[in-house]
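Every chain is named by a letter (A, B, C, D, E and F) in the order it is written, and numbering of its residues begins at 1.
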Amino acid sequence: MSWQIKPENFGCPLPAADGATVQLAHGGGSRLAAELIEQTLVPAFADPVLSRLEDQAVLESPLGAGERLAFTTDSFVVDPLFFPGGSIGELAINGTINDLAMGGARPLYLSVALIVEEGLELAILRRVIADLGAAAKAAGVRVVTGDTKVVGRGSCDKIFINTSGIGAVPAGLALSAANLQPGDKIIISGTMADHGMAIMSCRQGLSFAEPLTSDTAALHQLTAAIMAAAGMPPAAPAQKANEPEAGQALRAMRDPTRGGVAAVLTEMARASRVGVVIAEETLPVAGPVRGACEILGIDPLFVANEGKLLAVVAPESAGAVLQAMREHPLGRQAAIIGEVVAENPGLVALRTALGPHRIIDLPSGELLPRIC
Amino acid sequence: MSWQIKPENFGCPLPAADGATVQLAHGGGSRLAAELIEQTLVPAFADPVLSRLEDQAVLESPLGAGERLAFTTDSFVVDPLFFPGGSIGELAINGTINDLAMGGARPLYLSVALIVEEGLELAILRRVIADLGAAAKAAGVRVVTGDTKVVGRGSCDKIFINTSGIGAVPAGLALSAANLQPGDKIIISGTMADHGMAIMSCRQGLSFAEPLTSDTAALHQLTAAIMAAAGMPPAAPAQKANEPEAGQALRAMRDPTRGGVAAVLTEMARASRVGVVIAEETLPVAGPVRGACEILGIDPLFVANEGKLLAVVAPESAGAVLQAMREHPLGRQAAIIGEVVAENPGLVALRTALGPHRIIDLPSGELLPRIC
Amino acid sequence: MCLAVPGKVVEIFEENGLKMGHIDYAGAISRACLEYVPEIRLGDYTVVHAGFALSILDEEEAAKSFAAWRELQAAAAREGVDLFGRPLADADADADEQE
Amino acid sequence: MCLAVPGKVVEIFEENGLKMGHIDYAGAISRACLEYVPEIRLGDYTVVHAGFALSILDEEEAAKSFAAWRELQAAAAREGVDLFGRPLADADADADEQE
Amino acid sequence: MLKHLDEYRDPALARKLLAEIAAVTTRPWVIMEICGGHTHAIIRHGIDLLLPRQLELVHGPGCPVCVTPVALIDQALALARRPEVIFTSFGDMLRVPGSRESLARIRARGGDIRTVYSPLEAVNLAVQNPAQEVVFFAVGFETTAPGNALAVQQAARLGLTNFSLLVSHVLVPPAIGALLAAPDNRIQAFLAPGHVCTVEGLQDYEAMAAAHQVPMVPAGFEPVDILAAILLLVRQLEEGRAQVENEYRRSVRPEGNPAARLAVEQVFQVCHRTWRGLGEIPASGLRLRPEFAAFDAQCKFALEETGEMESPQCISGAILRGESKPPQCPAFGKECTPEHPLGATMVSSEGACAAYRHANRQ
Amino acid sequence: MLKHLDEYRDPALARKLLAEIAAVTTRPWVIMEICGGHTHAIIRHGIDLLLPRQLELVHGPGCPVCVTPVALIDQALALARRPEVIFTSFGDMLRVPGSRESLARIRARGGDIRTVYSPLEAVNLAVQNPAQEVVFFAVGFETTAPGNALAVQQAARLGLTNFSLLVSHVLVPPAIGALLAAPDNRIQAFLAPGHVCTVEGLQDYEAMAAAHQVPMVPAGFEPVDILAAILLLVRQLEEGRAQVENEYRRSVRPEGNPAARLAVEQVFQVCHRTWRGLGEIPASGLRLRPEFAAFDAQCKFALEETGEMESPQCISGAILRGESKPPQCPAFGKECTPEHPLGATMVSSEGACAAYRHANRQ
């Protein structure tokens, strides 16, 4: 049998790979899509399971005895794509690792799904993918499955990334925003608002004497250090899921991303039906970040962080946890910023430097620079 | 201690919830975001783990002895959002279930991540979310974690959805596009091109005597029936991962979405280094779909399906698998459309009704209606 | 050039002063401008290119062509051989080897 | 109205015919138009509103104000009571109860 | 460390000033801080909670969000909807509702609306987009007017024909005059706006202090500034004086900023202006001079006054004058909420109605 | 079941016709199918692989993608880049490269380019977007011209001033004449374009068949049609006749479609036209009549001829005339690939160079 080899598509649709920009055809089921996957995506993540290019990754069970599965997802839509101290690629890897780590999980596997705008320079796409690969490698987490869609010009803003993540939660550990108890201490792992102000400063044309950089970082090693310092996970046999062990010293961890510290504390106060009080003078903010906040009329409590966490710890363990955090490179400026109280459940109050308290509510809209 | 309750944001940023459209503020860390999550997303999925609203879902290990984890991700970017026979919400749930099912996995948990354009009518967003919830419920799969981002007007096309999924793969099962062997039969579960032509017809202003509907469907029960008919999974103890059992009759399954049947078969032929021959007259295409394809000059082999699968089966099991498929409501029109050959590895050929073969290549670009 | 597919006129209407129609192709319905086939009637088949009906298919001529071709075919069948001169029974089984 | 923050002039330049400057706020640098403070020099502090420098801060006046206030404070400290009339040692510990 | 800022937040110094205020206060006094910046600082630092109970601070109308009338917002919205227009605004105005919607909503529906930090950015946008009309929403008080004036002069210098201003400038002294002239006026002293005075100087305030026998103290915006100014005011009140005492000497000169005043004079002229919540106040606003009519969006686009009025239910005027409290309003918490405000004092989150609402106070 | 289509795909009938062709063919013959639609069908169904070896089918230049010259594509690209223009085109033209890029690439960089199925959709876009200029890329042969003519008439009737055509219409008979006049011509018979003849009738073809003594058979586009037409051609060739025999009688009338011809005549006039790969052919195109100059994008936007030429390396003219094979071209597979085509026969995926390339034939 001899085959007459002929082009498949006899109408006039022409190939249009110009080598420079993303085409709709990069989006799936086409020759360009296959090229992008095989020449750029697969090498960037260098993972044997991903390289098989099946519809799904199939993985040996990663769970030890009594361990539970952690699962999370986030989309990343930052503009600009590259900013001082980071890029959308790093954010996408670190952000999902962090959402796993906040539950006490060891991050194991990530998915990466790209939505790319037609016309984006391929060089930019390749740089984003390289950043994704480098961040995953740096964190020691495997990218095992992925997806790429290309949408028409004007149908998305350059590139959006979704990462989902799977991790393993040690037996007996049950961290939850609903675990807070009066007397607990609120610890932040470092300065507030670095990421959000680095981004906003790009947009507002601010510059900095020393570059203001995003704090994007993978926090799973810091969370491991915190858990160890808090005596977690216990050596004891696994318990009923999500029932906090009696006296579990570490109540909850959260990374204060969008909405900032204010949003995370409000969510915790609501979930636990407790009050939270933080003290203005204890809130760590880097000088230039504070300068930028003052100029633009923005409160750092509401600004996003991408490499910080809030840990809520029983008072007797707060010292040990704070110490452990400060010994970790990502927690050098850790500080106790407040505590949990029984009064005013669901509300967060800031004790100002002058003494009075004011309620910190969820922000009611996007943060905009103001003149008034 | 008495607190003086005061608004948090003393500048003039005003709340702007107008009740009718999506605002940037719905996107995270704000009062509107919390409202959207609590009033719309949580009830739509009605899942106890999702309802905890932690950064991650924590789940008891879903894996039985010897079972492996399946993990997949896809983004959905369809325009229009609602089309005859389905909607982006149904696609997003079914598509990820299908990518799990194609690996032989029982689909267990899904994540849902929304990217929403500022200005979208809230009623539309609520309808999309309701569709997501209904599709997950219908398929018996839990949505346990999620994310919502809102991007500025013009930065995305109404709504994009990413779903990622976790499933459990039975011990000893190793389906792969690399498993094809000469002599294997290619079976399709039903008519081609229904989804893609339903969408394209909306855009091209075609209508239909009887509505042409997308075939979107969750195929995990059909795949279970196929595996049972093929004698899979074996009762035998688990083997080394991804080593196909000697004589495993079911080689691979794939859902021919973007790029259609042509793209899936080409990927399989390449991965297995075999040739594939399909016979034109065996390809099932519904009459109106064929009519629409003829008018617009589009080949149904390249058009997306959202509720069909291709199964490659050892010849001795092909009859049983075909029978089992036809007994399932989603496989009534299943047909053997071709077979695997040793010649011309990596290429797919179509035997035309007149006898000659022509090579089916990957499409080189987006499908466009043509006049020539 | 000139992709054009025959379909059946199932509706005739006016739009912006133009004679328009709905054309049925095995259940898929498209719109076409009928200005160039003024005499067209419901049920007629027409060839449509780029949204314009360009001719009314002549059923009589079509039937005549088929009659001629069928005649050829019947002659061959009477001879008991296929188009390659081989016995008709084998024709389907080994069409591949013909190339 | 009129959010305006004092910053230090670290650079002066011309742009589109306008006198412009870079202003440092603890390391954050913004641009401001200096047309309304023509006599400004590097190192001066200026109050900037909506991108316009509106005054040069008078260090002497600032020092005078502080001297007056510190005097008040020193007087209180000499009295050994805080602003609520209680012994100074307790002031920090139970500020909350003041409200 | 932010110099000229952090030292004015010194808690010890603030407490000393509070003690001194407490020491000199013998009777109830009502003081209005006219400027929204002061309101913001007072609430942010909790200053009102630390003052002696006898001192009542009343929040004034010193915020463009509060006072820009609905009819003018509606004109802004009409411009922003035009396809050829790039509408530019300070971030502050984005969420202010007009009679039916806001700039943020129009942007959400596709309007090309950009927030700028300086009016010169709007001029640059006009240079960069010659095929489009760039309109800048020139709101604000005396402090903002010089920058907006220079933007017009710069556009004229560059020969731009696609740049214009929708002007809604207001002036503080006429508003103070109107508040003091109200029959039920309770305000006995004013914390005067430090940055307005930085531009305009003290002359008008001295005239008003003398005419109305009301003490006025221009103040900076940090806790120590505000407390020092309140101390100066209370001392005057207690002593029966009514003068202008300048707390903010490091920035405010008696003559203001002559260069800035000159530019404002060259570009703008005084006009009547309607204030949301207060109604029309004669000679209380600025508009472009006729020679700059080419830069006046109202002329250029032939905008019509919609005549849109405040809600008839709204009593925010009385609230702003300190005559009523929000719960006395029949719409409070019912037709009128922060999400769907009917009046000025619910529009701004600094407004009394919004503050009461957030506090769930009835 | 598609009536008037599926019955013409009957494999049994096709085989009978093939047998008959085989039976009557005694010598080598070279037949050109001028129309890309025929090329498409021949390849789709594998017809060329079933014909007797002595019959050679040569693909003709009957595809607007193949023949629209680079200079005209460049004009389309220049229009599509203009911010005020909505550029409309059949999907076919989207990926055709001009001298440096394609419509698809300009769309990717932000150009407002929309694919339409009918030129009336472009007219509707002009009605719906009065503030923008809608340009329609009027490519095609005689078949497409009536629709494009009516679009212009309709735009005139509606009084549209924002609608225009970039015209690149070509005519088949002059191209056939040019091919036959080439010194090395090998083509002995033509499968004539069934839909072109449906519009234009058979007069020109009868004249050419007589003048050049070359058989011509207008054919439908299904396998049975094409095979029946080839049978008619081979019979003529074998018998030494040179006539027009109409295979596609159900659609093609000798006089064509008078209403369609009249509209074309009213709106267009014959002009010289350059064909990519073939060069200028006198009286081989259509352009708008002067009375419709207001709808002529080339006048309206004062487009300049870029004078962009085919690559000097390219031998696609010779290939199109059947004189050379692609591997004889020095650029084949080197500078010239389907992704970066230099010439007509690599541009269209139906072209001989592209087909050779896909087949990895050297």
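Everything below uses one rule, namely that contacts are C-beta pairs under 8 Å (C-beta built on N, C-alpha and C of every residue); 3 or more make two chains touch, one makes a residue touch a chain.
A quick map from chain label to UniProt name: A, B = Hydrogenase expression/formation protein HypE; C, D = Hydrogenase assembly chaperone hypC/hupF; E, F = Hydrogenase expression/formation protein HypD.
Just so we're clear, the structure is a prediction, and the values are computed from it rather than from any experiment.
Student: Quick one: point me to the chain whose Cα centre is farthest from that of chain F.
Tutor: D
Student: Sort the other chains by how far their Cα centres are from that of chain A and give me the top one.
Tutor: C
Student: Determine which two chains are connected by the greatest number of contacting C-beta pairs.
Tutor: Here the largest contact count links A-B.
Student: Nearest whole angstrom, what separates the Cα centre of chain B from the Cα centre of chain C?
Tutor: 37
Student: Could you grab the centroid distance between chain D and chain F? Build each centroid from C-alpha atoms only and quote it in angstrom.
Tutor: A distance of 76 Å separates the two centres.
Student: CA centre of chain A versus CA centre of chain B: separation in Å?
Tutor: Going by mean C-alpha positions, chain A sits 27 Å from chain B.
Student: Using CA atom averages as chain centres, what separation in Å is found between chain B and chain E?
Tutor: Using C-alpha averages as centres, the distance is 55 Å.
Student: Counting only residues that touch at least 2 other chains, which ones in chain D make the list?
Tutor: 1-3, 5, 25-26, 31, 49-50, 96, 98-99
Student: On chain F, where are the residues touching two or more other chains?
Tutor: Residues 1-2, 5, 15, 36-37, 43-44, 46, 49-50, 63-65, 90-92, 94-95, 104, 117, 140, 144, 338, 349, 358 of chain F touch two or more partner chains.
Student: Could you pull out the residues of chain A that touch at least 2 other chains?
Tutor: If we look for residues of chain A contacting two or more partner chains, we find 1, 4-7, 9, 11-17, 23-24, 152, 154, 204-205, 287, 290-291, 294, 297, 355-359, 361, 364-365, 368, 370-372.
Student: So in the complex, the part of chain B that touches chain A is made up of which residues?
Tutor: Residues 1, 3-9, 11-17, 23-25, 27-34, 52-63, 67-77, 79, 98-100, 102-103, 105, 109, 111-115, 144-147, 149, 151-152, 154-157, 160, 162, 164-167, 169, 174-178, 241-242, 254-255, 257-260, 262-263, 267, 271, 297, 299, 302, 304, 343-344, 347, 349, 356-368, 370, 372 of chain B touch chain A in their complex.
Student: Going by the contact rule at the top, pick out the chain A residues touching chain E in the complex.
Tutor: 204-205, 287, 290-291, 294, 296, 352-359, 361, 364-365, 368-372
Student: If you look only at chain A, which of its residues touch chain F in the complex?
Tutor: 4-7, 9-19, 21-24, 118-119, 152-154
Student: Help me check something: in the complex, which residues belonging to chain D touch chain A?
Tutor: 1-3, 5, 7, 10, 22, 24-31, 48-50, 95-96, 98-99
Student: Give the list of chain E residues in touch with chain A in this complex.
Tutor: Per the stated touch rule, the residues are 1-2, 5, 9, 11, 14-15, 36-37, 43-47, 49-50, 63-65, 90-92, 94-95, 104, 115, 117, 140, 144, 223, 338, 349, 358.
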